[in-house]
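Common to both upcoming complexes is subunit A, partnered first by subunit B, then by subunit C.
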Partner chain A sequence: MNRRKFLALSAVAVMGLAMVPGVQPAHASTPRLEEELKKRLGVSLAQIKEVPDVKLTAPTIAESGANVPVTVESTIPIERVEHLWIFVDKNPVPWIADVKLTPMNGQVFFSTRIKMGETSNVRAILKLKDGSYVMATKEVKVTAGGCG
Partner chain B sequence: MAIGAGILRVPKEAKKGEVVRVQMVITHPMSPPRKDPATGQEIPPHTLTKLDLLFNDKLVSTINMGAGVSANPFIAIALKVEDSGVVKIVYEDNKGGKWEKTADIKVT
Partner chain C sequence: MSLSRREFLGHSALALSSLALAPEAFARKHASFEKLMEFKPYGNLTLVFISDFHGHLKPMYFAEPMNLLAPEPLKGTPGYLAGMDFLKFYNIKPGSVEAYMGSCVSFIKLARMYGMTGGGPQVATVIKAIVNERGRDKCLVLDGGDTWATSGIAVKTDGMAVVDWLNYVGFDYMVAHWDVTVGKEKFLDIVKNKLKAKFISYNITEEPFGDLVFPPYDVVERGGVKIGIIGSSFPFTPLANPRVYTEGWSFGVRPDELQKYVNELREKHKVDLVLLLSHDGLPLDIALMKIVKGIDIVISGHTHDITPTPVKVGNTLIVSPGSHGKFVGRMDLDVRNGKLHGYRLKLIPVLSDVVPEDKGARELVKKWYAPYEKEFNTVIGTAQTMLYKRDTVFSTWDRLIGEALADYYHGVDAVMSLDVGTSPGFRWGTTVLPGQRITVEHVYDVLGMTYPEVFIMKRKGRDLLALWEDVADNVFNPNPLYQQGGDMSRIYGVEYELKINTKQGDRIRNVRIKGKPIELDKEYLVAVYGGPPPMGVQPEKKNIREIVIDYIRKKKDVHVDRKPNVKVLDHPYNTDCYWR
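This part shows the complex of A and B:
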């Protein structure tokens, strides 16, 4: 292979990668997630606002789906926050965990390790005292699933 | 370690009004419901379901979880301390197991 041919080929390869519709918008939902949100929160995803005040820390690419570290933090004062949920859109059971928070927590901070079956959005949802919901979303790419 | 054994870690000392991190690791399989690949029989799930965090016997947080949490769960959560006291976690699983663990914290 000469240099010119190689360059042409790699250009094609890069184009191909760019075409893959891998990145989905943050608000794209799955039926399973909607069902779970209705059941546990009583709202649909469209009613939850994505805000920068909620910070969700998770790896962009997870080494193993069996153990993905997730940290939820927020600058919203704890007095205004009631409850916290963690969801993974494409898991067989999207609900991972939920935490009832009280002012005695002092701060919105929760960290754990979760299982992910495949590449999916991870969501941290907070319920505020005024009844509204806010969230942070992050896509985590998983190469080896961890749901059995 | 046996199922249900846990490690609870808090700072030994803290300032009044400080927000500290309470960290814990619990030995538990957290297995989801699944079929035995050899026999096709259903294997029921075995997971922790609930964990209460108490400070001086006052309920601070309740954490509900399912099989989506990794095996041997690690959990970290914030706690604001105003007085010296005892941090206690009480956790249970879906097979009736119930355990608790305490740690002291000195507030200056």
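This part shows the complex of A and C:
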């Protein structure tokens, strides 16, 4: 492949990349979510840091929006954690769960089933003892069905 | 590959002239059984595998798609290579056996030259020949699922004709998708009591506590190699098929659990080799292997892709052996001291006229077919246009089915006629060549659901649009983890423009229903079949197979308009590959 062809190809590739929406970026918020975050946490989404040591397990495509299994766990020592919330950006009410954690919990682990009205980001947010907020985000697709 | 125009013309000329003389002789001369089987043995272990057999115990024609429309980031990658792109990518000569088997290019011409493909007795011959050559103790025989459903004989015998064949050939392991549609109880009975192969799946668990329904993996020794094999059934079975078949079970893509089993096999069982027998689909397996580490080889089914050379992701090799009995995969491996040192792969083309039938398998097929031969062989018409199923958005089979629905529901309640008929984007079916007689079995083979009910309902324009956008996102989402591995619903009575590279809600444009722009608040009369049943709608008296059979009988000579009802805005779209 010559240099010119290579450059042309990369240009195409970059353009394609820029145009493709991909999955919803984790930082993209919704007004409803912001309202709930302000009300319950007192912060905006931009103030919450996405970190790898909070782990959110949920299906990529839900088998039923009425019953989506979600598990939150973290390697952050329980002594440093105060609170856990789960939010679904695009639900009519994004607030899903509110869990107070104490050292008696042993570790950060919470598993539940939630309802989702449509495809949306799901967020697990932890409030740490030092007053900071951290989270994990995963997009869960809710679909009417598909093809075999 | 660079093929000059002259070379290409040379091939076609050769093909044409031989056609005029004696096509069968030509095919036999250029493709002997020995040549098809040719393989220099290698290493100490052999994987023999098929996938997506779709219940085809008899030879058939099956045309690969003219188009595999890809979202931009996946364009040109395995899983999205059709026609000339496929031939170039794998360096295959147009007109060759491999080109006939793996691409749409000149399909009609080549089909007349090389004949039908697959067939239970033929596939049995190939598998048994490999096993005999290598020795049973060195071979692992695998089936990737979609095996005993979706054909005439599968529907008539609740899958048992194919189960009997699997047992006869001697498969070791399998996973599932459509196989569950014989009914949950029957499926469990087959897997537990009838099937000799072991059924393994790490991603089928009981709701709500997550207990495994089947063994997630097995450990087996072959050729002195300790092998750990994990099974993955189709992750979206509960969504793609009526929920009743998997009631109480949860599926899904579960990278963490998969990684846990890989680690368990390596650390606890000290295996030399880890295999994944998967019905995830090729694009999804490629994405998944970027997350899960430590799997040596994935045998990947579901999307019917053909990979003459493996797709490499890190240290993992992914192989997809096509569908409908067209290929038997043979992969010889050199595994020593707990490590895969090398491999040799061939997807052996099963040309039905060239591969001799296995006697026992032929008897078995004959026995199972006997009660149905008369019905299956009933001629109902002649195809004047090639009837094919595969393509991302449109096919002649689906247009014919749409026409049949529109004809049957013309003037349903004296006021309304059918506005829209949707046909699911299954990747299985059959092909009927121009001039070939259409039989009842062909209709079964393209509409072989165990749930052939048709549902008629009224739906607002906006709801239809939302539904089609939803399906489009399952097909065109740029992240394979969010795709379902099927094709787009075929929407009869509707014309639209499709933009692939945009977000859900923006892909389907300029929709016209019966020639008029869609009205969002207007109610349309819609016919659907082949998916999860719509809630609260009673099935119609006549099922889809009966409607289509009657329509073909009425028409006798079946001409189908080849012009697609979809205009693809941001991807090339081929419409003449088969006819070249």
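Just so it is clear, the second predicted complex is superposed on the first by the 121 of 148 C-alpha atoms of A that agree within 3 Å, B and C clash if a C-alpha of one lies under 4 Å from a C-alpha of the other, contacts with A are read in each partner's own complex, and residues count from 1 in each chain.
Please note the rule applied: a residue touches a chain if its C-beta (ideal position, glycine included) is under 8 Å from a C-beta of that chain, and two chains touch if they have at least 3 such contacts.
Being a predicted model, the structure only gives us computed values, none of them experimental.
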(request) Report for A:Thr75: first if it touches subunit B alone, second if subunit C alone, otherwise both or neither. (result) neither
(message) With both complexes superposed on chain A, which partner does A:Ala144 reach: first (subunit B), second (subunit C), both or neither?
(response) second
(request) On the superposed three-chain arrangement, identify whether subunit B or subunit C touches more subunit A residues. (result) B
(message) A:Arg113 in the overlay: touching subunit B, subunit C, both, or neither? Say first, second, both or neither.
(response) both
(request) State whether A:Ser132 touches subunit B only (first), subunit C only (second), both chains, or neither. (result) neither
(request) Using the superposition on chain A described above, determine whether A:Thr102 touches subunit B (first), subunit C (second), both, or neither. (result) first
(request) Mind working out whether A:Gln47 is in touch with subunit B, subunit C, both or neither, as first, second, both or neither? (result) neither
(message) With both complexes overlaid on chain A, does A:Thr60 touch subunit B (first), subunit C (second), both or neither?
(response) second
(request) Pick out the shared contact residues on subunit A: the ones touching subunit B in one complex and subunit C in the other. (result) 113, 146-148
(request) Please name which positions on subunit B make contact with subunit A in the complex. (result) 19, 21, 32, 34, 55, 58-71, 73-80
(message) Show me the residue ranges of subunit A that touch subunit B in the complex, using the header's touch definition.
(response) 66-68, 71, 86, 88, 91-115, 146-148
(message) Under the stated contact criterion, what part of subunit C meets subunit A in this complex?
(response) 71-73, 75, 177-178, 208, 235-236, 238-241, 250-253, 256, 424-428, 467, 470-471, 473-475, 477-479, 481-482, 484, 486-489, 501-504, 530-532
(request) Within their complex, state which residues of subunit A touch subunit C. (result) 16-17, 19-23, 57, 59-61, 63-64, 69, 113, 119, 139, 141, 143-148
